[in-house]
Amino acid sequence: MSNESQTLLRPVDLINQGLGRRRAAERRFRVYGMLAILLALIFLALLFVSIVSKGYTAFWQTELSLEVTFDPAQLDVADSGDPQQVMAANYGAVLKSAIRDLFPDVQGRGERRQLYSLISDGADDVLRKRLLADPGLLGQTVRLWVPAGSDIDMVMKGHIDRTLPESERQITDQQLAWMDTLLQQQRLQQHFNWNFLTTGDSRSPERAGIWGAVVGSFMTLAVTMLLSFPLGVAAAIYLEEFAPKNRLTGIIEVNINNLAAVPSIVFGLLGLAVFINFFGLPRSAPLVGGLVLTLMTLPTVIIASRAALKSVPPSIREAALGVGASPLQTVTNHVLPLAMPGMLTGMIIGMARALGETAPLLMIGMVAFIVDVPKGVFDPATALPVQIFLWADSPEMGFTERTSAAIIVLLAFLLSMNALAVILRRRFERRW
Amino acid sequence: MMDRSAAPRATVDREVRRTVGEVRVENPRIRCNDINVYYGSVHAIKGVNLDVGRNEVLAMIGPSGCGKSTFLRCLNRMNDTIDGCRVTGDILLDENNINSREIDVVPLRAQVGMVFQKPNPFPKSIWENVAFGPRIHGLARSRAQLDEVVESSLRRAGLWDEVKDRLDKPGTGLSGGQQQRLCIARTIAVQPEVILMDEPCSALDPISTAKIEELIDELRQQFSICIVTHSMQQAARVSQRTAYFHLGDLIELGVTEQIFTNPQHKLTEDYITGRFG
Amino acid sequence: RDYISIVGSSTVYPFTTVVAEQFGKSGQFKTPKVESTGTGGGFKLFCSGVGVETPDISNASRAIKSSEKETCASNGVKEIVEVKVGYDGIVLAHSKDAKPMELELKQLFLALAKDVPDPKGGDKLVPNPYTMWSDIDRSLPKQKIEVLGPPPTSGTRDALVELGMEAGCKKFPSLKALKEKDGDAFKAACHTMREDGAFIEAGENDNLIVQKLTANKDAYGIFGYSFLEENLASVKPTVIEGSRPTYDSISSGDYPLSRPLFFYVKKAHVGVIPGLAEFVAEFTSEKAWGPEGYLADRGLIALPDDERSKAAQSAKKMAPMK
Amino acid sequence: MNPLILLILLILLSLMAFQMGRRRAFKLVDGQLRSLHSLPVYYGLYASLWSAVPAMLLLIAWTAFDGSIISNMVVAQLPEALHQGEPGRINLLLNDIRNVRMGLISTETADPAVVAAAQYWDRLQFLAHAALAVVVLVLAMLGAVFTLTRIHPQQRARNAVERLVQVMMLVAASVAILTTLGIVLSVLFESIRFFRLVPITEFLFGIRWSPQMAMRPDQVGSSGAFGAIPVFVGTMLISLIAMLVAVPIGLFSAIYLSEYARPSVRSVAKPLLEVLAGVPTVVYGVFAVLVVAPAIRSWGLAIGLDVASESALAAGMVMGVMIIPFVSSLSDDVINAVPQSLRDGAYALGATPSETIRKVVLPAALPGIVGSIMLAISRAIGETMIVVMAAGLAANLTFNPLESVTTVTVQIVTLLTGDQEFDSPKTLAAFALGLVLFLATLLLNVIALRVVNKYREQYE
Amino acid sequence: MMDRSAAPRATVDREVRRTVGEVRVENPRIRCNDINVYYGSVHAIKGVNLDVGRNEVLAMIGPSGCGKSTFLRCLNRMNDTIDGCRVTGDILLDENNINSREIDVVPLRAQVGMVFQKPNPFPKSIWENVAFGPRIHGLARSRAQLDEVVESSLRRAGLWDEVKDRLDKPGTGLSGGQQQRLCIARTIAVQPEVILMDEPCSALDPISTAKIEELIDELRQQFSICIVTHSMQQAARVSQRTAYFHLGDLIELGVTEQIFTNPQHKLTEDYITGRFG
């Protein structure tokens, strides 16, 4: 400073005086940052732990081993070569007599009903499949593992507390006693629940699978992807590389940015009004779901694609234009290949969002009980998040763990999509 | 213009913005009449008249922001790619006004090639970098012909020996100087008539710079070359005629030697003698 | 369309879906598609016309109203087959850890109605002043009144209003008298739920209500019996008018809050949509809706034997309602 | 002929046109490509587009309409007695016929008239397909011939092809406009009808919201008040809580990741944070209801506070967590966009990293951060599943985060599921709310984009 | 510059990479011993020894990429901010080795200020730009004192008269030259002992450049200044001593006049005479 007296104290000394305080502030600031990230990650971990701990048991299923006699009389099947007959056969009777054989002294309707409920309603599927595959089984006796009833399954997994008074649990003392006998005979075991991953929905929690929902989601996403990727990329290229700066393109730009933030439920309203009520497309169809999600993800895809195009340095365009390439040749030959990884990443992120979307699908009737795995985009279908929503609303106790298990499956898909995006980004990250 | 023969130091005053020196040549390759360029409301080039002769290197010098690049980019309509840039005036390339709206810029840019300040090879193989132009313009019918074009272009750019064993390696893997020569090879592969170079050496090391300068000298045998440079030394070394720009005006144009040894405009003199820049 | 489309009540949904699944397993027909839209929403879709884009069956947790029938008729849905499938109890439940409570319908009315007769006496109706259960009756626990219940789109709500509120309401002579004098005023007085936060319309997700009850010991929830049965480990029912909701008490009619469940078939679709008649037959077969049938396992309370066989008969004949 | 086969034929035809166009152009100039205006490929493309596009459009239009034309013809010849002219019955009958055709109903059991109709249909279908095939193929060939004969060296084939491609891209870009239009139309008309029943002033300024009115004459619902202020206030309250959670955590995370974290930490933490955005909102909803809400309630009770079981706090907090990554990744971009030269400037004066961030980087990035926060707010007010599950339905006009409030999206869902009667104010109210939601996000976005763009220009 | 007949042409050969000339001064402000800088595996500065005297302007010249900026940034540890950059050797500022890990860079950077190639004012008001440094370092106790510091710094940067009426307007609204002077004012406001300038005029027009050069000359009365420049003319105009770098080596260091008139190393001569660069 111009003031002479102050030169006695060099500014450095003055600076050093305040240094302690500043260092402390620095440390505090850093800690806030770390805390913020930690908090977010803790929440993430909490979310995952709570879901996985609730859901992992659904991947195992208690099964019961029975000696089943494919008695033609009981089954009401004359010719096991005729699939029609085999499909419609009365497997319940066979199963009932099989379990009666294990506990021959059970008498009376009430007791027997209790006994039958040790077997799942879906056990007949197992028999049907066996007989269809091997018609020669008719008349023979085989030892089979069939799914146990939901209550038994719940007790085995510890979801039903055996110590509660009988009136407060779904399973009777008598059933518990049978269960223990079966356990002793090693007729009761937990096996990996392939069924959960390979079948459609069911009203019996122990038979319910998510394959139907997975296929539904897959079809919906396929429609979404087939439409939104080409549309999105074309729109992005137009806006980024060709569009003159005029009113129309200005409006389009604002529109796209705005649509990206429009609540998804509003897209549901749109889908209901346009695709179902106006165009008369079928309710609950993956096609309609895909169309709605296309409109929803399109802005995301366009924005990501534009960012990818922007990141291609102008020098590449200049180079191509400079040797006399037309704008379209410049784009297709040079810009697009360089922007493609970025566009794919954007696409994956858009798809991930679409995969987890529920609200718009509620509006277009994809909340339905659908057992058959859809075979085409016009067949009625649900999607994974909707299946979660549905199961969460089911009274049966067994669905609680299924809900969490379905969430695990959905998260697994999402995580792998995210991971793919990250890998793509890493792999092709380019610095000019 | 002024009285030049007797009193060599009779320089033209700073305030005068008419062009000093002879702007025209006989039988020009490019003739520019009254070129004005506007970026929105910024008047970046102000009524410039200038000829580019055949088989000559024309250097453009001037302080930063004076409009050298802008002017250069008029000559192959690269300014079209900039929003809000407006170019008026006539630019005659062999009698065709290439500044008219009707002209298709694609063949034009093949005729008037451009090399940029920063080497910008495509992130593709060396071979594809060079073959791209001939391919889109249909200059070769077969792969063999293309191979030939690639080789001859690389040879003329003095790069063949250095890259002939790795034509399929990416062009971005070359050193800066090599990349710039690759860009030149890419440009001459489409057999242009004029080559525009915008500070082609400013990102290069001395040795690479020397190579490029040699190359320019050779290319002059066949092409007309306009080169923008910041380095007066470079202008002196490679060009036959030099144009000095100042704030959008073409201040002086003349034979290079004379510009550097005996500038006639005060602004040129100030610049040459390092009073600024 | 080669599959059956069913919409309607969320209460009947769990039962219909079980039948649908069984029906689909036989392999002859595709498994029907069942949507849970609420009774009212179901009728809305059902009555929108005849044709493949409209549903074939609508589930309902109450009988169809005359107004809905009119809408149907005006849209060309003239012949509708009504099938009564059984009973459902409406329970008022709360967390197992909370203090038990016994309630009379009159008290229920006082707790939930918007306007109640002046507690200080007289016939005048005043805005509901009760905030604690103990304000209504000293014997009731000292707890805030907080009841999670269904919205008006739900059949459960209609049944609650008619069976619970109206019955409680009629216990007041003055109000009972009103019914003859002025039907609308009576309805306004007895059917209107309070809106001051003591009665919370909690949406149609009954599982969520159960879970909210376990989280909040003061809260009561209103939902169907099947949800109670599955969640006995966490919630317990309130005894109403001295009767505890059980399978037997509901089917015998002891428990006052029980209501019939229905589904409605569009006759015009029978024979056109493959399997429709067969589906109805499956639903009304003894192995499904009998007291020993698989629906009973899911919490459906079967019709009395004679009523059931009659209903099965008329369903087989597809006799439309008048 | 099956349309699919036709499509394949069409593609083959256009491929042929492509080849011929290319050859012809090449021959015309005898291989002297320089004298050709465009590359031969473009002449080929030109020919193939001309042969494929009109034919394809016709094919699409035809297949879109021939179903209804044929079915009308089938209906016309059906005995009147079968359907009595009722549209619904006709519709069912057609379904029946279709099922017979597809073999879902055996011909023995079906009505002979229906079987006959099915056969007639098959005949018509065959005729239609045959005619279509002829027309389409002829059109395609005409297109090809037309263009092929006109090829000459000066023809600007490339320009023509590129124009067409550009038009196609413009159409793609316009889908966004159509979507917006669709949204506005599908919401606006219903809203106007709503405002005929309920004055707009009452809707916007009324303070009682009780829309679950009677749906039928014989039902008694609630009073049917449509003052949306409590709903708006609830939405704002929950959004505010969400932002109070998301902004500090998101912002500090962004700062830490972009300014402090080692690249290895960053490369792990950033995708992990993004996972939070990818988790389906249903899952958050379940989490809010089962974990967070009870926890808050029991803490509240422990310190003597009266906490509603569906407190705004629980829904808001979980929503906040969901929004963290939006704030953090957008802010991260903005912070990274602050030129390094500004940081260098501050460091060179002896500023510590935190001083640099607080006093230079953040102020410089502020407009962008504000923009990103506004985008996050619009995300918050539009979020549906979390609040549907975790927030209340009762419209309390309160600012107390411990009480339960409702939001716009919750109301839309509850009003539209269940009874849908399109002319009752109750259902229409959902559309009015949808309109408000759309306009609010539009406004927020326009402002945010303005702010962000302005800020971008500052450095570009 | 061509014929330097008087001076013996005993130039040092191109191959020799030892530093030619006297690198040391008496009573230096900064003394560098054997500085090496590595960017990962790139060896950017190779064993440089160099002194910066008091009240002198030391110019650093050399072709692009030779390491001028890198070396300059060692002197106030700005290289710390670059990932993977490693600096070895001793840098003594008044006897303290500022290149040791223990040194706190915060007070160091206050002592050794830096001005960058592109003017980088903070997007804040002019007043706040200048007050920033004194404020964070606690060099002023009150607003009045701060006002005083701001005014005196702006005066010394020759900017006061131009901006005194708009101290509350954003610094980014000034012209390029004014911005650069603002950055200089910002730097001297913390009363540094050394000022480093990395091509401070390369983004500026000639008039602004002249102003800054004047300013540098004035500042020399109080500070030691190191300036990197691309323009030899500028080096000649402002500096007392000049260092010539080449590919990471300090080739030659000497009194400016002598370097430009009589370089002793062949590389220096080549550069000076414009044989490259």
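So that you can tell them apart, the chains are marked A, B, C, D and E in the order they are listed, and the count of residues begins at 1 in each.
We adopt the following convention: contacts are C-beta pairs under 8 Å (C-beta built on N, C-alpha and C of every residue); 3 or more make two chains touch, one makes a residue touch a chain.
Please read these numbers as outputs of a predicted model, since none were measured by experiment.
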Could you give the fewest steps needed to travel from subunit B to subunit D through chains in contact?
1
Taking the mean of all protein CA atoms as the centre, name the chain whose own CA mean is closest to it.
D
Which two chains are joined by the greatest number of C-beta pairs in contact?
A-D
What is the distance, in whole Å, between the centres of subunit D and subunit E, each centre taken as the mean of its C-alpha atoms?
56
How big is the gap, in whole Å, between where the Cα atoms of subunit A centre and where those of subunit D centre?
20
Please tell me the distance, in whole Å, between the geometric centres of subunit C and subunit D computed from their C-alpha atoms.
36
Going through subunit B residue by residue, note those that touch at least 2 other chains and give them in order.
106, 136-137
Show the residues in subunit A shared as contacts by 2 or more other chains, in ascending order.
15, 22, 326, 392
Among the residues of subunit C, which ones contact at least 2 other chains?
53, 205, 208
Return all touching chain pairs.
A-B, A-C, A-D, A-E, B-D, B-E, C-D, D-E
Any idea which subunit C residues touch subunit A in the complex?
3, 10, 13-14, 16-18, 20-21, 24-28, 30-31, 33-36, 53, 96, 205-208, 224, 226-227, 229-233, 236, 292, 294, 297-299
Contacts from subunit A onto subunit C in the complex sit at residues 83-84, 87-88, 109, 113, 117, 121, 124-125, 128, 160-161, 164, 167-170, 202-204, 280, 282-284, 365, 367-372, 380, 392-397
Going by the contact rule set out above, which residues of subunit B touch subunit A in the complex?
76, 78, 81, 83, 106-111, 113-116, 118, 120-123, 132-133, 136-137, 183, 186-187, 189-190
Show me the residue ranges of subunit D that touch subunit E in the complex, using the header's touch definition.
263, 339, 341-352, 355, 359-360, 363-364, 458
Taking the touch rule as given, give the residues of subunit D at its contact with subunit B in the complex, in rising order.
31, 33-34, 36, 39-40, 156, 158-159
